[in-house]
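Structure incoming, see below.
Note that the chains are named A, B, C and D in the order they appear, and that numbering of residues resets to 1 at the start of each chain.
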Amino acid sequence: MKKFINNVENILSESLSGFGKAHADILNVSLSPDFIYRKNKSSKPKVALISGGGSGHEPLHGGFVGTGMLDAACPGQVFSAPTPDQMEAAANKVHNDKGILFIVKNYSGDIMNFEMGADIIDHEHTTVIVNDDVAVEDSTFTTGRRGVAGTMIVEKTVGSLAETGASLEECKNFGDHVNKMTGSMGVAFTSCTVPAAGKPTFELSGDEIEFGVGIHGEPGRKREKIRSANELTKDIIESILEDLKPDNNQEVLLHINGFGGTPLMELYLLFECGQKLLEKNNIKVTRSIVGNFTTSLEMAGGSFTITKLDEKITKHWDTPVHTAALRWKM
Amino acid sequence: MNSKDIFNYLEIIEFQISKHKDEIEKLDQEIGDGDHIFNVLRGLKEANSLKEKNINEPVDKVFKQIGMKIMTTVGGSSGALFATLIIGMSKKYDNSLENLENISNMFSEGVEAMKIRGKSNVGEKTMLDVLIPVAIKLKEIKNEKKMNLVAEKIKKVAQEGMLSTKEMIATKGRASFLGERAKGHIDPGARSSQLAIEAICNELIKLEENL
Amino acid sequence: MKKFINNVENILSESLSGFGKAHADILNVSLSPDFIYRKNKSSKPKVALISGGGSGHEPLHGGFVGTGMLDAACPGQVFSAPTPDQMEAAANKVHNDKGILFIVKNYSGDIMNFEMGADIIDHEHTTVIVNDDVAVEDSTFTTGRRGVAGTMIVEKTVGSLAETGASLEECKNFGDHVNKMTGSMGVAFTSCTVPAAGKPTFELSGDEIEFGVGIHGEPGRKREKIRSANELTKDIIESILEDLKPDNNQEVLLHINGFGGTPLMELYLLFECGQKLLEKNNIKVTRSIVGNFTTSLEMAGGSFTITKLDEKITKHWDTPVHTAALRWKM
Amino acid sequence: MNSKDIFNYLEIIEFQISKHKDEIEKLDQEIGDGDHIFNVLRGLKEANSLKEKNINEPVDKVFKQIGMKIMTTVGGSSGALFATLIIGMSKKYDNSLENLENISNMFSEGVEAMKIRGKSNVGEKTMLDVLIPVAIKLKEIKNEKKMNLVAEKIKKVAQEGMLSTKEMIATKGRASFLGERAKGHIDPGARSSQLAIEAICNELIKLEENL
């Protein structure tokens, strides 16, 4: 394993500390318990948004802490959900008279730890569970679908709504709504290497890909031979559309997310493929975002996320935001 | 059995699980995300770090401390679940660990808490496929006086539970996302739980033999 | 080679086309000759900034086209300098009554092609050559030093100055000044794969790194065994400081640039290492930027760039910018 | 020799260089960035694409067209330099390619333009280590009537020039960044230039033999 590290044990704290310094204008980093929170608490009461999850998906979630988005983020160990004391400490730091909204990706470790965190905090709170990944089936018997790159879109839009002084209930409902309007699916070309393990999580041969991969490199729909970008796009987007069932002329946000190891050049090429295919299906891409936002360390590959836009989602997507990884109009 | 023994067992568990590090790592890489072994080892290391300060503290306090330590340092599914187990056990502690019925009650309480925490039950390809049968068996044989017999029986139940996960389709945890593809792979949490139980059982058997 | 492509020959045009669509609010893409240019020409005359170079370094340069930064960018084939007709077409499109400033990384292919482009345009023009890489020696007999991640800092600050209506000469002088205040050096852990080649450019064994690597994976100072992040930081930063000879209490901008395949987590860890070391050397990091800005496709590794700040550089770094890859205050 | 011959030679060059594709690719990977062979092949392909429309056009126009095509489609150092060479040559075309002196004048003009464009000269580990000696030799033997003798001599000079780059330290181009490390590696541009010249020379020799 070749990585920029001094000591596998300290990788997280050193990285968090650097993150805090590099973005000291907008956020603070607390270590033990680890959490990242906005430098300036809003002077008006607002619902406080707290997200978190295993590390290794950067910039998710710490990179989304700041005005217009999250109030705090709790990073766990690499690919391991954070612990309840982190959520508790973050909640105590950022609560601002209107309750706490947890935004949690649908992985059992995250769900359980956030629940345990919620159990021990005194503030009013509720949770939005993001489960946008259409790669795996959602049945009432299973854990359901995974929460992946759509999380960023939920955090941006609900973050914007919270900024208006909306109530906890409104934020929760809107989060659930955006989640329902959002579908994602990805494909991996290479594995990632968890620092503690020191070796790749899985092996793919020279022409193999994992279709429908999760954001930890965990298996998805199937392992298969690599195909052209257009073919992959077709299979992925059709799966998403099957789930979202958009109307004719539906306006959508198209997000191409890189898993970390794929050059931007290819991500924009994917955007081109996706945009064209959607156009053919009478779907209008009116908002777009391309880049590495929900990563799996250095894994090569990427995912498509589509959010069906309505007036409210569009409005809250467009509002100013100022975080380490997402910033516009301020 | 006292607090000193608890820390002793922890060390034995850590030793045994470490011996199977690569195997457990691989299990979670196959049907999960590969972090299970690191979560478990981190938890054991952190729990062991409590030894010096707590070795003379009352058993229920020690359980609670260990549970809290795991809860605040491990993370992931296993962190939440093992913490829930141990904190649950601490709540039912009844002044002595010498009595098997007490132990059985404690264990059942912990496992029940896990079922609620994980919203899961036996047959879902998780560590509960080891822990639930063990809890049931313990209750069944709570009046057995021979600790080596108890240990042999528990060991066997744990082993069977662990193996049973192999052909299951998961409906809880990360493996649930795999559907059919999870078949043929033992659940990592079931394996680490079984190894922990086996380590304790083997130690009990050894103790009996030395009597 | 596993990449998102349909056809190696079309990778650039498909990617550029996607890029144009994803950022249609701020820029246009012209194909054959390829160039990216701002959507809205400034209503006031201004020096037009044109950069470019081989593709594969995205977001450099196309990602820096927009208000406050470049007026146009000319992307060549992967790792090959663009052709003079691209510069000519871009110049004709974006010139705005105050001349053209070319910003060129010091690679002979870029230098020659930009010169040839300059030869055939009718507008007043001059060139800033960026050569911030301290890994290789600068002697009067050789081509000198390479232009690498510092280019983004030159483009940002000179872009800001140009926006004020400054003259071509002022922009040129300021560009040369920022370049002189800037030093960079990087290290590679893995190779990149040029799509046309279909296989890695070079091989590094499991514990080998290329110290002082260029942004195309071309060799640098030496091939050596991997060392800790702190040790690498020390050697790199000392080399840069030797070149920049900062005063006591010098304020600097510290830029950690990822080459494409290294997770953000590690880049922030490098920032931590660098910031600490600079602090020890009585150098104050007052501006920071961490991320993948000047990449080498999917190469793992990263570089440090340090710019000595004076009032003018700081001011023009801080001004609003709105491009695909760098955006703040607007 | 007419425009048809020029396109004929281009095809022969493309064929010969393609045969050494992997070797040239490797040379630029070792001391450069690995794109040289792709630049060269792209240039040749684009130049050949002019054939149909231009095969009956005057020689100087064809040279200019080819030069412009290379200039606008290749990029990189070699695109700029080869375009400069060919456009330079077109400028000195003197109504006939039958006269070796004319060819020598054209080639010298092109190479001089390259020297200015590349700010470089012989001994700097570039394609000019092939092209400059060839230009000098051509001038030297410009009155030689036997084309096979000319071809043999030029071939040899090109070969020597190419090999001479092996032990040089580069001071121009990408290899210059390597310092001492570039030693022991042949310059990719020198190799592709030498192969192109060799291809033409061999064709000339073959033609003479068939007379």
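The rule is short, and it goes like this: contacts are C-beta pairs under 8 Å (C-beta built on N, C-alpha and C of every residue); 3 or more make two chains touch, one makes a residue touch a chain.
Just so you know, these numbers come straight off a predicted model, no measurement behind them.
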{"item": "Chain whose average C-alpha position is farthest from chain B's own", "value": "D"}
{"item": "Separation of mean Cα positions, chain D and chain C [Å, integer]", "value": "32"}
{"item": "Whole-Å gap separating chain B and chain C, where each centre is the average of the chain's CA atoms", "value": "54"}
{"item": "Averaged-CA centre spacing for the pair chain C and chain A, given as whole angstrom", "value": "28"}
{"item": "Residues within chain C bordering two or more other chains", "value": "78"}
{"item": "Set of chain D residues in contact with two or more other chains", "value": "none"}
{"item": "Pairwise touch network: line, ring, star, complete, or other", "value": "line"}
{"item": "Every chain pair meeting the contact rule", "value": "A-B, A-C, C-D"}
{"item": "Residues of chain C that touch chain D when the two form their complex", "value": "33, 54, 76-85, 107-109, 112-113, 115-116, 135-137, 141-143, 145-146, 194, 196-197, 201-202, 214, 216-220"}
{"item": "Chain C - residues contacting chain A, complex", "value": "2-7, 11-12, 14-19, 21-23, 55-56, 58-59, 63, 78, 189-190, 206-207, 209, 226, 228-230, 232, 256, 260-273, 275, 285, 288-290, 292, 295, 297-298, 300, 302, 327-330"}
{"item": "In the complex, chain D residues that touch chain C", "value": "25, 29, 31-35, 38-39, 42, 71-81, 83-84, 117-118, 170-174, 176-179, 181"}
